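Read from first to last, the chains carry the letters A, B, C and D; within each, the first residue is number 1.
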Amino acid sequence: MKALLKHRETQLVAVILAMVGLIALRFPSFVAPASLGNVFNDTSILIILALGQMTVILTKCVDLSTAATLALSGMVAAMLNNLYPDLPVLLLVVVAILTGVLAGAINGLLVWRLDIPPIVVTLGTMTIYRGIIFLISDGKWINAHEMTDAFKAVPRADFLGIPVLSWMALSVTAIMAVLLRRLATGRAFYAVGGNPHAAVYTGIDVGYTRFLSFVLSGALSGLAGYLWIARYAVAYVDIALGFELDVVAACVIGGISIAGGIGTVFGAVLGSLFLGTIKNALPVINISPFWQLAISGSVIILAVAFNARAERRKGRVILKKAEVVA
Amino acid sequence: MSSQEMQARFIKDRLQGRGERLLRSWEALLLAVAVIIFAINVWSSPYFLDPWNLSDATFNFTEKGLIAFALALVIISGEIDLSVAAILALSSTLMGLAMSHGAGTPELVAIGLLTGLACGAVNGFLVSGLGLPSIVVTIGTMSLFRGIAFIILGDKAFTGYPSDFAWFGQGYVFWVISFELVLFVLTAVVFAVLLHATSFGRTVYAIGNNPMAARFSGVRVERVKFILFLLTGLMSGLAAVCLTSRLGSTRPSIATGWELEAVTMVVLGGINILGGSGRIGGVVLAALIMGMVTFGFGLLNVPGIVMSIFVGLLLILVIAVPKLVTRIRQVRRKG
Amino acid sequence: NVAHAENKKIALVVKALGIGFFDAANKGAQEAAKELGDVDIIYTGPTDTTAEGQIEVINSLVAQKVDAIAISANDKDALVPALKKAMERGIKVISWDSGVAPEGRMMHLNPSSNPLIGNMCVKMAADNLPEGGDVAILSAAATATNQNTWIEEMKKVLPNYKGINIVATVYGDDKTDKSYTEAQGLMKAYPNLKAIIAPTSVGIVAAAQAVTDAGMVGKINVTGLGLPSEMAGHVKSGASKSFAIWNPIDLGYAATMISYNLVTGKEEAKPGAELSMGRMGKVKLDDNSEGAMADPFVYDAKNVEEFAKIF
Amino acid sequence: MIRLAGIAKTFPGVRALGGVELSLFPGSVTALVGENGAGKSTLVKILTGIYQPDEGHIELDGRPVRFATTMDAARAGVTAIHQETVLFDELSVAENIFLGHQPRTRFGFIDWKRMNAEARALLERIGARLEPDMRLRDLGIANRHLVAIARALSIDARVVIMDEPTAALSHKEIGELYELVERLKAEGKAILFISHKFDEIFRIADRYTVFRDGEMVGAGLLAETTQSELVRLMVGRDVGQVFPKVPAAIGEPVLTVAGYCHPTEFEDIGFELRRGEILGFYGLIGAGRSEVMQALFGVTRPSRGAVRIDGQVAVIRTPAEAVARGIVYVPEDRGRQGAIIGMPIVSNVTLPSLYRTSRHGFIRMAEEFALARDYTARLDLRAAALDQDVGTLSGGNQQKVVIAKWLATRPKVIILDEPTKGIDIGSKAAVHAFMSELAGQGLSVIMVSSEIPEIMGMADRVVVMREGRMAGTFARDGLTPEILVRAAAGIGEEA
């Protein structure tokens, strides 16, 4: 029990529950199951992106191009749908994911083969990918009526009473949990971020592992790109502009250490839910829209300070008597 | 153990001469790029080589450059500040607030600078006082500072700044030389001296290379970092004075996205994003390059996003190409 | 290039490239250019809706020595210094759609009169609510000039519509996802909501989508200002009973015509003047040198399909 | 069993190995000796597939093999305990042991259950009392090393390489390691043992190979050689006295420490340091000596106690304050706390004394170089130029830069924490000679060391620490290794 209390994740669950409870006091309708389901559904895309970003951060890198990759993949899918309405939606989803994979692979290759710091690479590709959207779409929007109904229907389709969008987030979470816990590649992400130098000695190719994490992040951004565009039924250059910072913030709130090697799937999901709940709740509890930005900023800072305290090294204890107390 | 090490007791001061070092430096590469871009601009638009037009073009980079100089020091010390644009917005908002209560030009400038300092102090406290990672702290304060601006201003705007206040962003010191350009050059010199010729600058490099060893060498790491965040806040406040004066009005969304442009400028300028190396001269050249690219493309009416593709590519290529070249050389030597 | 050198260069500067409404305005400008013969249109703007971006664009247009700038502003005040400088260098500057403060331009062409638009928005909501009810506004950026003016006008005419309450104003920043989330928030916070008024083409589409997704079609009516091509689907589904817009093609056309007449010196923009706009007739300027083009036009299930093909 | 033929390896600018020959035999321990930077660790990395040789080849049972990855080497039965710690703080003990070759289920997933069970068995085998699910970051340095050993043994190997395995172990664990080596030998494994400690080489090894500047300069049976013969092969010349302590005039007290306490690390420390004195601090690894020194230097904050410098009470809260009062500290962890690798020699040397080479905060280049030149020359630094990055120097020379940096501040007290750890015998003699010289000039020296010969040879007095407390202070006269070991291990106290 005590061990449970100490876990960052457990604390985060408690904070989220407390927050939801407080909102419920003023707005009971917010905690109706349907309403909470909606909050989760709204957060699904953030969860998917955060899980991708998490693998990158685990390897001591950062991917600032996720939102741009999302927009690019979504635009590619939407344009194809517009030009060839007969193509099956599943194929378009695959195309979106592959676009993401390609974008991620470019990031990964630059980091792996040319040893350019990830923040520089993704800062560069972030603008490049958005620029490419402008070039391929000629800056035009693709609007709801230019997409087929089947294309738009997928995320909101109902399966066992839950929208497919939520199912997507749930299954990506499950897959990532298995990947990071039960596959050698997953453990390699932790090893590479925890101690890149030592990873070399255990036969892990540090660069290649980072490459893989970027590809994975790209693939998830690609999937999220399709989901985003189908859900909001519009595609244009500035889709999800600045969203990459939300994704990084969600990871950090969820206890993924920016220094690499520390973090869990559960944490990333909770971090996203936390951010999602706040963004969802603020308009509901009638907080002036002008306060929202400052509130989410403060919350991020608090979360970072909180996590840093939890993470602070206990230090080695030499004195015997101190050891008993500690 | 190389044979060099085994030789004489006498150790010479420098491995390479000054000239050779300059020639091989990042700045030389940037200068070449700048000259090429200048030439392309001259060739592609008849309007480029006009003193007034060139003068107008400098506004594309002067304010961002002011921020980039201070940011460069922060990045060399191994930290980062993503809240610079938000600080600018908050400074501008508080200046507007003061103006609406009847403050005159000197007070406005003071308030702009002080707000910047205060925001820098908040960042500095969180990063060096509490030891939190600067990249996430400043993502947080970025929302916080701009959020406060939104709280104050909401959907309103401050307009009607005193007419003499306009001089900072719209005034000319001599012929086509604007006040902002003079300020840019002066600040560049001050920061170059601070970084390259003072003991403070030296400790900044030491911290960026190895904060632990710097601390063990008697460097007051926390204090230096705090000062750097203060400086960045101050420069953001200064940029706020210029931009507010140039726009003649304030809205909370002012300077959105500038943090990434400033970081891009710094990195393009050859400052190692991981800390420890880089020079102010590079940042000056990077500012010029980015300004010329924006203006040159603007004259051809190329949309802004295409310019950013170009800057993004430049950012990656300028770092990638030298690495590729050495790699190819190595392979050739072996093969 | 010699032949072109004598052509008048008129720059049509928009809030951001890629927005359907402005692309349509560009069509109108091109039409005017063809009619006039000796005009080159430079259609440009930043890629995101910021004042700083527009200033850079203005600076490069000044450097190119264009003859006129016709701008739809992202910020009423911030553009003033840059546009003033343009005027000092002999460039004719007018604003259209979203205005610039009087010091920064020679005249402003309102697509329609602001009181009319405000009234129309409330009327469209009220027409479908004989018993009255709660209504919310979904705006664009909190800084958008025209949005704020229209919202003020809406509030002014409210007493004329019995039973209609405006319960909230939220801002979607002309971003789809933000507008969508805000619309969802409105539905959650106000269970009795009967209509959402979104006087922005991005917001209205997102709100209609949100209403559809929440299964509230028929319960909540989305109305406001939108483009027929973007709204056709939502009118069909019933999420939106009706919406209004002026014709952006006409707007672009008129702005170009006015600019041309100012450049050639045939006409002068001053309070009380009457400026001609080609096939659109004439516009009379008020004390602020502002003029309104036409009434907003209402689209509903009957006519939307037809116009969707045009813009 | 395994044979290396003509192996050569060049790093940019450095030829680490050139045409090396080496053979290992089953059931036999081969000691590999050589100065710092002779290429020993590089050879280990080639043998385990981390580096690829530029020339030459490896033969296993007479057949040439190629180790493209560490996995190839492991499959061929070669395993190593590396010199650097190659462990992961955030992972469990079991994962640290099996990372890279985890047991898998039929579907390719990691079999955590089996992994933990196998880890438990391995840990038992080497006598480590650790749970497989403990997180590594909660372990002390010695236990970490045991995990590293368990990791090496988790590969069913025929060739076991140990690169300075005893450098971080204490007395007791070293004994256990020797037993393990004997057991492996009895199992018929071929063992390569790298060490700078000659007593231990002669104790457990059968054969030797000597490297100098990346070349093999000698090999044979240990029974047929002597220590001085090995040293001559290593260094290429005779090395004089290793501990050239010259008696120095001992003056008045410079540093007095009384009732010094820290909440978790040490308690009730008190001693006096006099002018010209070398005060040794001995103890088993982890006794808390470094902690005391770092508190004196202002890195950590003590909870109670008084420090006096020249009779004046001194409160030291930061290293900067310590330096200002004339106390300087040469840390144990050279790479992380000592040298600033990415900066030139000159900047490293002048960093703490910048105020002396600058006016009003502006640095004067000429004075700066003069200062650096002066102190590096005194320490006989070997480098090509003063603006060369410190990272390009060998370990011993890096240590000299750190010492030069502190001498340039003209301190009263210099604290040397394990000054010769991992330093070869030639450089060691130089450091010792220099220490002696400093004391002779009236500087007070505190020397923390875990090597008995060094302590006995150099110190005027010795403080022994055990588990964060003082276990006794001993004068040089009549001191025997026996006394030190008993005090450090607490033998005789309980009995």
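Just so it is clear, a residue touches a chain if its C-beta (ideal position, glycine included) is under 8 Å from a C-beta of that chain, and two chains touch if they have at least 3 such contacts.
Worth saying up front: this structure is predicted, and the values here are computed from it rather than measured.
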| item | value |
| --- | --- |
| Of all other chains, the one whose Cα centre sits farthest from subunit C | D |
| Rounded Å distance between subunit C and subunit D, as computed from the means of their C-alpha atoms | 73 |
| Distance from subunit D to subunit A - Cα centre to Cα centre, in angstrom | 43 |
| Chain centre separation (subunit A, subunit B; CA means) in Å | 30 |
| Shared interface positions of subunit B, touching two or more other chains | 150, 154-155, 257, 303, 305, 308 |
| Multi-partner residues of subunit A (each touching 2 or more other chains) | 134, 139, 237, 290 |
| Overlap residues in subunit C, where contacts from two or more other chains coincide | 17, 47-48, 142, 171 |
| Touch relationships between chains, expressed as pairs | A-B, A-C, A-D, B-C, B-D |
| Subunit C - residues contacting subunit A, complex | 16-20, 23, 47-48, 142, 170-171, 175-177, 180-182, 184-186, 188-189, 191, 205-206, 209, 213, 229-230, 232-234, 308 |
| Complex contact set, residues of subunit B against subunit C | 45, 47-48, 50, 52-53, 56-57, 59-60, 150, 154-155, 157, 159, 166, 169-170, 243, 246-249, 251-257, 294-295, 298-299, 301, 303-305, 308 |
| Touching residues on subunit B, where the partner in the complex is subunit A | 126, 130-133, 135-137, 139-148, 150-151, 153-155, 257, 260, 263-264, 267, 272-274, 303, 305-306, 308-309, 311-313, 315-316, 319-320, 323-324 |
| Contacting residues of subunit A [partner subunit C, same complex] | 27, 29-30, 35, 38, 42, 134, 137-141, 143-145, 156, 228, 231-234, 236-241, 279-280, 282-286, 289-290 |
| Subunit B-touching residues of subunit D, taken from the complex the two chains share | 13-14, 35, 37-38, 213, 297, 299, 318-320, 322-324, 329, 331, 336-343, 346-347, 351-352, 354-355, 358, 361-363, 369, 373, 376-377, 380-388, 393-394, 397, 405, 409 |
